[in-house]
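Every chain is named by a letter (A, B, C and D) in the order it is written, and numbering of its residues begins at 1.
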Amino acid sequence: MTDRNNVLEVQAIHTFIGQFHILEGVSVAVPKGSITVLLGRNGAGKTTTLRSIMGLTPPSQGSILLDGQSLVGRRPYTIAQMGVGYVPEHRAIFKELSVRENLVIAQRQRGDLERRTEFIFELFPDLERFYHLPGGNLSGGQQQMLAIARALVPDNRLLLIDEPSEGLAPVIIEHLIAAIRKLAAQATVLLVEQNFRVASLLADRYVIIDDGQSVATGAMQDLRHDEALVHKYLGVA
Amino acid sequence: MIETILEARRLRKQFGGLVAVDDVSLKVARGSVHSIIGPNGAGKTTFFNLLTGLYKPTNGQVFYKGQDITHAPLYRRAHLGIGRSFQITNIFPNLTVLENVRLAAQAMSNINFRLWRRAESYTDFTHRALEVLELVGLRDMAALPANILPHGGKRKLELAILLAPDPEVLLLDEPTAGMASEQVPELMATIASIRQRGGKTIVLVEHNMNVVMSASDVITVMNLGKLLAEGTPAEISANKTVQSVYLGELYNVEG
Amino acid sequence: MTRTRNTYLLIVGLTAALLVFSFLTSAGDLGSFGTTVLSGLFLGALYFLVASGLSIVFGLMDILNFAQGAYFMIGAYVTFALFHSNMFQGIDANLRFPLGVIVATGVGALFGVILERVLLRPLYARPVFQLVLTFGVAIVFGEALKAIWGTEAYSWNPNTSFGIHQSQFEIFGRQFGTYRLVVIAVGALLIVLIGLLLQRTRIGIIIRAGVEDSEMVSALGINVRAVFTMVFTLGCAVAAFGGAIAAPFLGANLGMGNAFLLPGIAVVVLGGLGSYTGTAIGSFLVGLAVAVVAKFSAEFLNQTVWSSMTPMLLLILILLLRPSGLFGKESR
Amino acid sequence: MKAVKTQPLWRRTLQSNIGYLAVVFFLVIFPHLVGWMTGDSPFGVNGRPRGQSVFWQSVFIEVFILTILAMSYNLIFGFTGVISFGHALFFGLGGYIMGLALERSGLGAEAALLLGAVIGVVVCGVLGFLMGLVSLRLRGVYFAIFTLAIAEMVAIYIGRWPVTNAEDGFPLANMPELINPTRNRLTYYYLALLLVIITFLFIRRLMNSPTGKVLLAIRENENRAQAIGYNTLTYKLLAIALAGMIAAGAGMLHVILNRKVGPEILSVTYTVDPLLMTIIGGVGTFSGPIIGAAGLHLSERIFNREFVIGTTSVNIGENWSLILGIIFVVVVLVFPQGIVGTWTRWRSRRGTARAPAPTVRAANAGD
């Protein structure tokens, strides 16, 4: 069943939040070195899928394998220590902490940050400028960059990024796209994105989630030409 | 002449440095179903909460039947005839289903401080509650504690609580959220039947496009805290700008 | 920005008002004024030791630990008992006391771990019961102390005590115990140390981040529950340490718990939820206020009842006038 | 089910309350039962005024007083969902006002009793209302702190107040002969029992009234209660004022029984006891506070003596509060529903397994 090329393999997970049956069978495979995007309307279960992988809303059924090791039943911090970086929606950075402290806290070993500082500043020059300012003083786009940078501090094999473009102005989105593409050279990425344009510029592969189930998967290139599928699950009409 | 029942005038809401709702004006016509849509982070939930009174706007006003209700607390709005539902199921978990709805029916009455009679002796409210439960299809479960209802049942109960006091304006916050797909048509049928009975105005924040497109008279699209477009479902689905915020520009450029 | 400036103006104003009031009521007697201020600082140092744990735990875990006063009391009893126990009279008094303090702090830490891990952890889903439980635990500790040492109020005899405790110094012609000065210094030292811990160390960054969003901290690979246990334990240990170093002056009695819990809570509310600076400043404001009122009521009203009531009165006033505290964020 | 409905109201009432009626019946004959078994007169006048029956009467009167106090606490904590750590304030103030009225008003015993009862209840009601008004807008924890601070402050003040002899308090000698617990303890016993019954019926009726349902709604989900149109603050104020008034009544019964008023009736004990009794008995149930109060107070009486085990003797009663506290901690951890709540759950789980859907009757109840 398991493909050795897949960094992450999620198979038919079911997740409840309280009594809400949010995920009713979601399967996602993320090939090594790829950017895979989860598509779907609001409330379809994309965020919950990421949170379930991270152990924040543990699934009650199904399996999640990270390079063949099961993640189900592990606590979030162990999952993170196994090499999963998480960038939550709404840019959950620590607003009272300085940019530097936001990055320091993400270190898993001494020296992580020193090794990565250059790379991070190259990706997001703004962070260098505001290195000692509280995170709360940053603009929305800069906060998003900080949230992503935080996931880059330790060596992660997999990055989970939830809606990087949410609420950002187009110029900043361009910048983010460029940054995330650079990232993909170093790690495998699983992304949630509502904006189809952003998704199609970034991703190699897609998984569509609708009503708590994964309903379609394939190469992003093919999806761009499948207008019917796009409109069925993502469109306005 | 279309009569405006609920109006937002230049509403603005700022959380710290973030402007969640930026100068949005809106008129809801009496008897219409008016939907508010937009991508994540568009500010529609915040806008909705400004209408319901959960948040106080930084600037701007809200009018109901020409009366300024910007600063009216939640319970006052309910008395004026504005009812709201919640995105997260928001019921009284350890009371029975009937009691949940009966409490809502009783809220507008003047019996709330009668300490001496049994609540059940006010049969009008029990009748009203049972009537509403019938409407949403929960009558058989009236005596169960609300927290043992399945999720779909709780959503129906939510709707019943909303309907029981017979409000003129219903503000529905993502009624299909977390609902299994097979339950959605049932909910749409309920909304349709509320419409058919007439006299009700419905404001809907919703993601499920099938629901929005088939149920609405008017759709308002928000993006980045601002009002982007307004029109009939046909107009909105033909609108290029709207398509682009939902799908991103590339798709439309290429497709 | 202006809000911060206003806050500091308010603090300076309050302090100045207290000092001026104290100065005027001491009728030009500088010695009386000086001892009042020093008493205020002494109380402030002790309040800080109770309140720092309360405040950080409240910010991080959303638990208001009503048993914090009991830990203070445990610290005092254990130190008192060890110092006066016949078993240890062979040890030199100057050594016996610090050893007692260390043991008392350790006992506080031990009970802190037990309370957090065994009793509070299963109740994280039920915050109301956590609150009620810490209230119950406070009672249990009080009763346990009563069962062991009885209802007697023990006071420390300076004549058979250790060196510093026996010495006095003069301030404008009035005697003041050197030991209380040491307590003030220790309190100030701990303010700096805990402040450095929070600002400079990795664990401090984790704690401050956890106050904002503990789930995100765990998603970054940090075992937040272990941090909870550590912080809670540390808070209890510091409170017990406070009781231990207070014992030579206050002795040990069953009223101590509430006598320090309520001012501690007043400090937390005054300082503002989760604000360390607020807690540090608030401690000395409350300490000074209690000392000034105590002095005033003893000299002019001729009764001590007002001084005992001051912490509660302050707490009530703060809750009514500024429930968000000095440095608290305004809630929606 | 049809059969039940056609029965006359009094019969239905009787049937559904059969357990309570049995308890009341037992309590009514109890003093005579003890008297008959031990040969002491329950009236305590014929030669042996300190007999077993009279002793047990006083134990039960204490139980009744604590029951009333616990029921009043349950009204705010269990039914309305508001935590207060200052309930002793109402109990103690009620006691003090009654004491002052009897000893210092200069009126005759009957008039003073009436005056004290009215003033005490009114003062505590108004005080509860005011405390709620200024502090209920605060978060839950802050209300708990606020009540604790007020109660402690008043306790300290009255403990040093010369007018009421500070920490010594003052004895009560002036009281109506009919209910004088020294000479006519049996009538006092029945009076206390009557007040328990009245309080119980009042709270049950209140909780079944439209107002009570709103209180439950506030406990369950205050935001939603507001959203459907209730000004929840008003209802919480009502609950706190009523609970304060009832607690004041309990305090009055207490000082008359003990013929003494002192600051100990304001101590935190009278907050902790009803809290423990309510939680151990069952939060938010009608019978929980009764079972909690009776269970805890009676076991204290039973265990409050030397137990000789081999050569060592242990006095459990001396450390009773410690044991109580430990029991409380265990109950909160293991049975947060308390005795009654756990029992009901257990029974309903068995019940639903056997009899499916007991739903139709209640659904039709309004028809």
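What we mean here is this: contacts are C-beta pairs under 8 Å (C-beta built on N, C-alpha and C of every residue); 3 or more make two chains touch, one makes a residue touch a chain.
Since this is a predicted model, take the numbers as computed values, not measurements.
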#### Entry: Of A-B and B-D, pair with higher C-beta contact tally
B-D
### Message
Centroid from C-alpha atoms only, then distance chain A to chain D, rounded to Å. What do you get?
### Response
56
### Summary
Chain-centre distance (mean CA atoms) for chain B and chain D, in whole Å, is 44
### Task
Express in whole angstrom the distance between the two chain centres, defined as the mean CA positions of chain B and chain C.
49
### Message
Centroid of chain A to centroid of chain B, CA atoms only: how many Å?
### Response
32
### Task
Indicate the residues of chain B shared as contacts by at least two other chains.
none
### Task
Give the residues of chain A that touch two or more other chains, as numbers and ranges in rising order.
none
### Query
Classify the inter-chain contact topology: is it line, ring, star, complete, or other?
ring
### Task
Can you identify all of the chain pairs that touch?
A-B, A-C, B-D, C-D
#### Entry: List of chain A residues in touch with chain C within their complex
54, 56, 75-77, 80-81, 86, 88, 92, 94-97, 101-102, 104-108, 150, 154
## Note on the structure
Seen from chain C, its contact residues with chain D in the complex are 64, 66, 119, 122-123, 126, 128-129, 131-133, 135-137, 139-140, 143-144, 146-147, 258, 262, 265, 269, 303-305, 308-309, 312-313, 315-316, 319-320, 323
### Query
chain C touches which residues of chain D in the complex?
83, 85, 134-135, 138, 140-142, 144-146, 148-150, 152-153, 156-157, 160-161, 268, 272, 275-276, 279, 318-319, 321-322, 325-326, 328-329, 332-333, 336
## Note on the structure
The chain A residues in contact with chain B across the complex are 19-22, 24, 41-43, 89, 136, 139-140, 163, 166-167, 169, 194-201, 210-212, 224, 227, 230, 234-237
### Query
Within the complex, which stretch of chain C touches chain A?
202, 205-206, 208-209, 211-213, 215-224
